[in-house]
Amino acid sequence: MMFEVRSADWEARVRSSFAAQKFMEHLGARLTHVAPGAVDIELDLRPEVTQQHGYFHAGATSSVTDSAAGYAALTLFADGFGVLTTEYKINLLNPARQNRIVARGRVVKPGRTLTIAKADVFGVSETGDVHISTGLFTLMSVEGIKD
Amino acid sequence: MMFEVRSADWEARVRSSFAAQKFMEHLGARLTHVAPGAVDIELDLRPEVTQQHGYFHAGATSSVTDSAAGYAALTLFADGFGVLTTEYKINLLNPARQNRIVARGRVVKPGRTLTIAKADVFGVSETGDVHISTGLFTLMSVEGIKD
Amino acid sequence: MMFEVRSADWEARVRSSFAAQKFMEHLGARLTHVAPGAVDIELDLRPEVTQQHGYFHAGATSSVTDSAAGYAALTLFADGFGVLTTEYKINLLNPARQNRIVARGRVVKPGRTLTIAKADVFGVSETGDVHISTGLFTLMSVEGIKD
Amino acid sequence: MMFEVRSADWEARVRSSFAAQKFMEHLGARLTHVAPGAVDIELDLRPEVTQQHGYFHAGATSSVTDSAAGYAALTLFADGFGVLTTEYKINLLNPARQNRIVARGRVVKPGRTLTIAKADVFGVSETGDVHISTGLFTLMSVEGIKD
């Protein structure tokens, strides 16, 4: 899908907001793709992001998924509007046993107040990607909050 | 609600599984309440768990929420069965501006294969608790996986 | 929870909107309780609302649940604002084998733009109520749409 | 995506189960496409399926969506297994103002116990289709229940 941006700074705003999220840094997450309505975030496996079996913790993968969906929405907001996640739902499809995951946030329907996005997580491996989770997100555009 | 446990080790299993989740340690999360069908996890505000405005990142609060719901279910599982989150949905109600949050996971309906739990997050402050989020979780009981 | 109403007509608006929903009439649904932030809708078992096993179809129970949640929100809206469901999630807990169900919509958090509600469905029988489903709903307040 | 069926009767089972759902008949829903992992159901606008503004009631559109997702899953089940919806989540994107809607259920990940499906609803009109809703569904395969 093609989306129209409403700010000349759409990309810079996403990058600076991401850089300001200390939690993303704490996880070791990297912003690897920013386009109108689309943001990818990647995360490498380290002990700090694992659950009891040594795989990615669903909380860690969901955290980067939430950020990917939120920033995908933010790319389409006008200047002066920040983004809040109001709700989301995630279905976990396969264990995240790979050494790297990528969360792909994609806007489904932009809106003045509410934007709906989906976000899928894939485990990246040499033998092909594995579909880790799929989710739906509602993002709210709020005037006057910093991105 | 009163629930019957099906394992003599129900509490020890939850505590040892939580201790084995390096991600919970990385967040600084603490297991503060374990009862049949009920688990609370607390998290203190530190820069490492914040978003761009200095509040708790929704990913951090949701991660402890997921663990609280999953361990609430695990308290009711028979020996030899581990827990997997299959899906969840969270509505964010208020910004998490407090210095501490508590996620309260509570089983709604136990089942042989699927257990449904709810989990609410509250921001703890001297002037009273604030309702940060509410969510619903589906947990699956899987034979042969370590807790 | 106690909620403040913002319209003198809060109850009449809900009743007239419900009466105007031909789909509720087609199902045979009845509005049985209206209070600030709380609405109950009941539905009797008839062949027209069943699935292939003769129980209530989840679509029929979910439809009255959606209306119960939406009208619970509408009780708290100011004059001139109508209600739209923006999203919801339902967990089905038990088959709806009873002769009557009641859907109880309750506001969790009212808001100027978004209101969060929960809605539970119970199957009513002489030996006690059975918990059929639990769900979370996001309702939007929209100026200028008729209730 | 291509899926393998596990029953010679995969299509007949879906068609006979749909025909047995009196609620689908009461709505006026029609099964218009059945393929492995994919089912479409259509619904025409009649007063009986409308809300207070004369558009499709979200309960009516969601009911056919639930059936489309459930039957998409059932196409992939082995003989002797029936389908139960365990939970679902729907985001409503646009009002359903058209004269006809089509709900397209598609399996995302088949499984022995749980199958994840998505289902999108489109309003059909001469000037192009409108995206009415998008949703995620968890379907359970249960031995010994009639389809």
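We call the chains A, B, C and D, going by the order they appear; numbering starts again at 1 in every chain.
What we mean here is this: contacts are C-beta pairs under 8 Å (C-beta built on N, C-alpha and C of every residue); 3 or more make two chains touch, one makes a residue touch a chain.
Bear in mind the structure is a predicted one, so any value in this text is a computation, not a measurement.
Averaging C-alpha coordinates per chain and comparing to chain B, the farthest chain turns out to be D. In this structure, the chain pairs A-C and A-D differ in their number of contacting C-beta pairs, and the larger number is found at A-D.
The distance from the centre of chain A to the centre of chain B, each centre being the mean of the chain's C-alpha atoms, comes to 22 Å. Inter-chain centre distance (chain A to chain C, centres taken as mean C-alpha positions): 33 Å. Each chain gets a centre from the mean of its Cα atoms; for chain A and chain D, those two points are 29 Å apart.
Counting partners per residue, chain C has 86-87, 89, 91, 136, 138 as the residues that reach two or more other chains.
For chain C in complex with chain A, the residues that touch the partner chain are 86-87, 89, 113-114, 136, 138, 140. Across the complex, chain A is touched by residues 17, 20-24, 26-27, 47-53, 57-60, 62-64, 66-67, 84-92, 145-147 of chain B. Within the complex, the chain D residues that touch chain A are 89, 91, 93-94, 108-109, 116, 118, 131, 134-136, 138.
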